[in-house]
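Next, two complexes with chain A in common: one pairs it with chain B, the other with chain C.
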Partner chain A sequence: MSAVVRTEGVASGAGIVFTDVSKFYGEVLGVNGVTLSIEPGITALVGPNGAGKSTLMNLMTGLVSPTRGQIAVLGHAPRDPAVFRRLGYCAQFDAFPRGATGFQFVAGFLRLFGYEKEEVSLRARAAIERVGLTEAAKRRVAGYSKGMRQRIKLAQAMAHDPAVLVLDEPLNGLDPMARSEFISLFRELASEGRHVIVSSHILHEVDLIADQLVMLHQGYVAAEGEIPEMREEMVVDRPMQIAVRCSEPSRLASRLFTADHVIEIKLLPDGDGLIATTRDADRFYLLLNELASRGEVGVEAVAPADEDAHAVYRYLVGSEAQ
Partner chain B sequence: MSTTAATFDTAGAAGVAPATPSGRAATTRALLGVMRLEWRRQLLTFRVLWPLALAALPLAITGTMAWVVMHFPENFHDHGTLSAEYANLYHALLVRVILFFGCLALFLNLVRGEVEERTLHYLLLTPVPRPLMVIAKYVAAVGSASLLFGATTVGSFLLVHIPEGIGSAFTGPALVQLGSYLAMTVLGCMGYGGFFLLLGSVLRSPGPLVAFYFAWEWFEFLLPPMLKQVSVVHYLKALTPVPIAEGPFALLVEPTPPAIAVLQVMAYAAVMVGVAAWVASRTDLDYGKG
Partner chain C sequence: MAVHSHVFRPYEGARTAPGRRWMVVARYAIAEALSLKKTVGLLVTAAFPLLGGAIVIYLHHNLEAIKILELPLKALVPIDAKFFLWILTAQCWIAFLLTAAIGARVLVNDLRDNALPLYLSRPLTRVEYIFGKAAAIAALTSLVTWVPSLGLVALQASLEPGWLVANWWIAPAIFLGSWAAIPLFALVCLAVAAVLRRRAAAEAAFVALFFVVPLIARIFDEFLHVRWAMRFFLPAIFESIWTPLFRLQQSNGLSPGAALFSLMVALTLASAVLLRRVKAWEVVR
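Let's look at the complex of A and B:
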């Protein structure tokens, strides 16, 4: 398995820094040899169930301690109370204190940050307003819909105005409208200079969310970076898919097959184009331009077909990508 | 979803320390916050039903006793025996059963229950240090247990005195007895509470050990003197204002002076809670691997 791991900035005091971190649960591997640096903005941890996303999140929040290696969150050890003042965590579990209303849930834990009563009330109300639950704040959380419960968890995680927000599968169970709202809120929070770390096993989702990806597979970091940059680093001498919209796809396919770097061509079902797999994208584009300029084919649009997280992940870990 | 930031500031975001409170006052508020959450969890949810039912049992028994004495007075000429009977009832029922199982319900799940309900991370991700959090939860539970079982102690004591007139419970000697029983109840909650807190912190299935501990406390009168030293019942007996019958097989020892007994129970509880706090500070929380 190729690993494209950027280690620049790992030694810096800012951000969230993992240095050769491993976590084993007895004989079972959680994560192994993780070295990475997470900067402000939205970072997505991606991978199937069991890849190590939650373990990585639990490590950075201090809920579990590493078997080996070091972690620094904003320059502090994860279990330092200074970290908890600046970190909010929204767990994947749909669990709440029994009998609590939305407001009681948020305010109850906010008190543990030492705020005075009035400040607790103000902050709880502000956080609840920010997730759009003001009208439901006095209702019991047990009666909330799944989307509302996700929202109130988010309100609880950010009520103390943390610099680092760790959100484990925050979009699970949300309808498209709620997803869109959450993504907007994540972007807003990131634009304020916060670290927003989001996990997901749904790859196309992270294309919409993340500035940076950390791809995990069976406890290892398979790749880390921005999606286009990662693809660029990986595809040197590696196949890449390119979609071409054109008027005569069969004719174009026959011409493209004369090039030695083209290894596969699939005609699109609608008959208006094809997807070519090439080992050399630059030479492919040159050839396509040449054919178009000679008027042999009418090219309407050209785009990389796999410059998304799903393709990157599929490339990195093979058939297990979802 | 609102796009306005309301009172949010971004000072905490870009590397500048946020204006979160610190210092002794903030820590006190935070610990009171932990206790408030625990009281809500224990007393305002269905969790309270089992301890409440236990707390009601002595009231039912002593109420029945009072009714029998009032309606069949010819069998109870010597009212002095009521004090002795209450003392025996207090030890056999209130301490060994009600306090034991009531504290089991209230303290065993202080930490373990939050793990099972997957809510412990909410507490662990606050600036309250884990050992202090455990201690605050314990203190809150001692408060809950003392409230429930203290009320039972007072109620059952008053019910026993009804045949003599309720005013008899407020005379000098009776008030001293009541004070002693109340102190014993609180100390019992502290001792048993500490043990069950520790048990719930370190064991996933504490059933067999609970059964062993129940037998240990119940048959404390049969234990050799050395082993009596690690029994809550042994010290509580030293505080009993009225001598109690221990049966023909009891291994009698020199009674512990009351002040020493109080300190011993507190020390016992402190050790248990201290170990539980230490365990909490070192334990990983992991509800399941992702």
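Let's look at the complex of A and C:
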């Protein structure tokens, strides 16, 4: 399922389903008319601050109620106790009981699920080990670095083995190495059949993470689905840019300009390629194949130049994100 | 969409009863309160009136000691309902101070740390969360009110056979009298903390509330020629509730019904404020 505009009539199922959901905080818009379905795998909610990412997360975790519309999480209403057992939430902000160690933090919240003491201990240790904090588990969270805090928050979110993980800005404040480890962990969790929903306002990082994107802008869903599909649907309004690495870019440019779907060509400053803008990517690739097979140009590499979340978001909302 | 080859299987084992989850909140709040030096200090202070009471009871039943000290103790301080009412009054003032010292902290820290989303995204309702916090305060204030006072009753009963039968109402009066004060202190303190969200301000406001409100009411009394102030004055409210429980003569003019009504209004208001202010997500305007 994918669409550049909101999908309509999403059937309810075992995923997370929003049906015409709006949330207003008094006169302030949180989200408006959201209809979407989130399947297992990694789904990224993207958009700038104030786009409605956290509101959407609060709605699916049952922390706030919708002003209008319906939400079903694994077939249940968000505040159904059956959902809480299967949902793990990692808040955007640091929130730790004063003086608690990493282990106490994870174990304390696990007790709210009703596990017995031994089970709590077992699960807390396993979750802490999974985020690589075993050595620091007995230290106070107050003394943790930002990265360690993000790890322990993730541990408390997944310690009860939830089917749905809702992680609000989980990569904030992490160094590149920790980001890479977190992304691997998200992929691992998603490969186990879970819904991993992450929010981010940093668009280039969601390309690395997500199977599916939900792009939010000023409380509305601007687009949802997979990036290549979104880009493909936008090609009529927004011609696609394709980067070509080749030995003779000027010669290739002159040949490409003979095609009516090619509307712009920029030679790369290093002289080893060009970026072509086309209204029809399929015909462009066919033309390029033809030229290469005839030996007119030596093509080294071809790749879409604007098929990423940043470009799609910029095209959709006409503004720059980070 | 990626193909997910693994099948997720959630835990389906035994769980503790959902009705007991608030105890987790209470347990952590008690641990937090007991980690404070001032809590320990107030708990120790609370022992002094009790120790005094225990000494008086001991001397009553030790004629040798009374003779040595040459005290007319039996005539001056009889071990009766009035004696235990005095002990309860002293202990409730200490419970008031203890609530002021710890009550705001157990809630404000969570509010300021944005911890509520973590609690409330689990099988725990807002009511259970508030109840857990209030229960922590109630548990600690119980330690300085009815629990030790009933210990004194037990001491007196053990030293004077037949006393308990003759004064059977004193133990229930202590228990019920304490529980008139404990929820009021806990809920009002939490409500003030939920509104102010600053520990020091909430502690000061809690103490001030019980003195400023009757003062304002007293001003209204003067101007409107009514008698409202007594309905807001905590010692008067408690005296009106406690004296019938201890079968003593009431003297302040506020009827027990009016005192109970004031108590109920305060509890209802505090609960309403808490339910309105303790939310997982704040409205950002």
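The rule we apply is simple: the second predicted complex is superposed on the first by the 306 of 322 C-alpha atoms of A that agree within 3 Å, B and C clash if a C-alpha of one lies under 4 Å from a C-alpha of the other, contacts with A are read in each partner's own complex, and residues count from 1 in each chain.
The working rule: a contact is a pair of C-beta atoms (placed from the backbone, for glycine too) under 8 Å apart; a residue touches a chain by one contact, two chains touch by 3 or more.
Keep in mind that what you see is a predicted model, and the values were worked out from it rather than measured.
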| item | value |
| --- | --- |
| When chain B and chain C are modelled together on chain A, clash or fit | clash |
| Touched partner set for A:His160, first chain B, second chain C, both or neither | both |
| Touching partner for A:Gly69 - first (chain B), second (chain C), both, neither | neither |
| Partner chain(s) touched by A:Ala14 [first = chain B, second = chain C, both, neither] | first |
| First, second, both or neither for A:Gly132, with chain B first and chain C second | first |
| Chain B versus chain C as contact partner of A:Pro48, first or second or both or neither | neither |
| Which of chain B and chain C A:Ser199 touches, first, second, both or neither | first |
| Touched partner set for A:Asp211, first chain B, second chain C, both or neither | second |
| Dominant contact partner of chain A by residue count, chain C or chain B | B |
| Which of chain B and chain C A:Arg151 touches, first, second, both or neither | first |
| First (chain B), second (chain C), both or neither touched by A:Gly33 | neither |
| Common interface positions of chain A, toward chain B and toward chain C | 25, 28, 40, 58, 61-64, 81, 84-87, 89, 91, 93, 95-99, 108-109, 111-116, 156, 160-163, 192-194 |
| In the complex, chain A residues that touch chain B | 14, 25, 28, 30, 40, 49-55, 57-58, 61-65, 74, 81-82, 84-89, 91-93, 95-100, 104, 108-109, 111-116, 122-123, 125-127, 129-132, 151, 156, 158, 160-163, 168, 181-182, 184-185, 188, 192-194, 199 |
| Residues of chain B that touch chain A when the two form their complex | 1-15, 17-18, 20-22, 25-27, 29-30, 32-34, 36-37, 40-41, 44-47, 117-119, 121-129, 284-290 |
| Residue ranges of chain C in contact with chain A within the complex | 1-2, 4-8, 10-11, 13-18, 20-21, 24, 28, 32, 35, 109-110, 113-115, 117-124, 280-281, 283-285 |
| Chain A residues touching chain C - in the complex, by the definition given at the top | 25-26, 28, 39-41, 58, 61-64, 81, 84-87, 89, 91, 93-99, 108-109, 111-116, 119, 156, 160-163, 166, 190-194, 211-212, 226 |
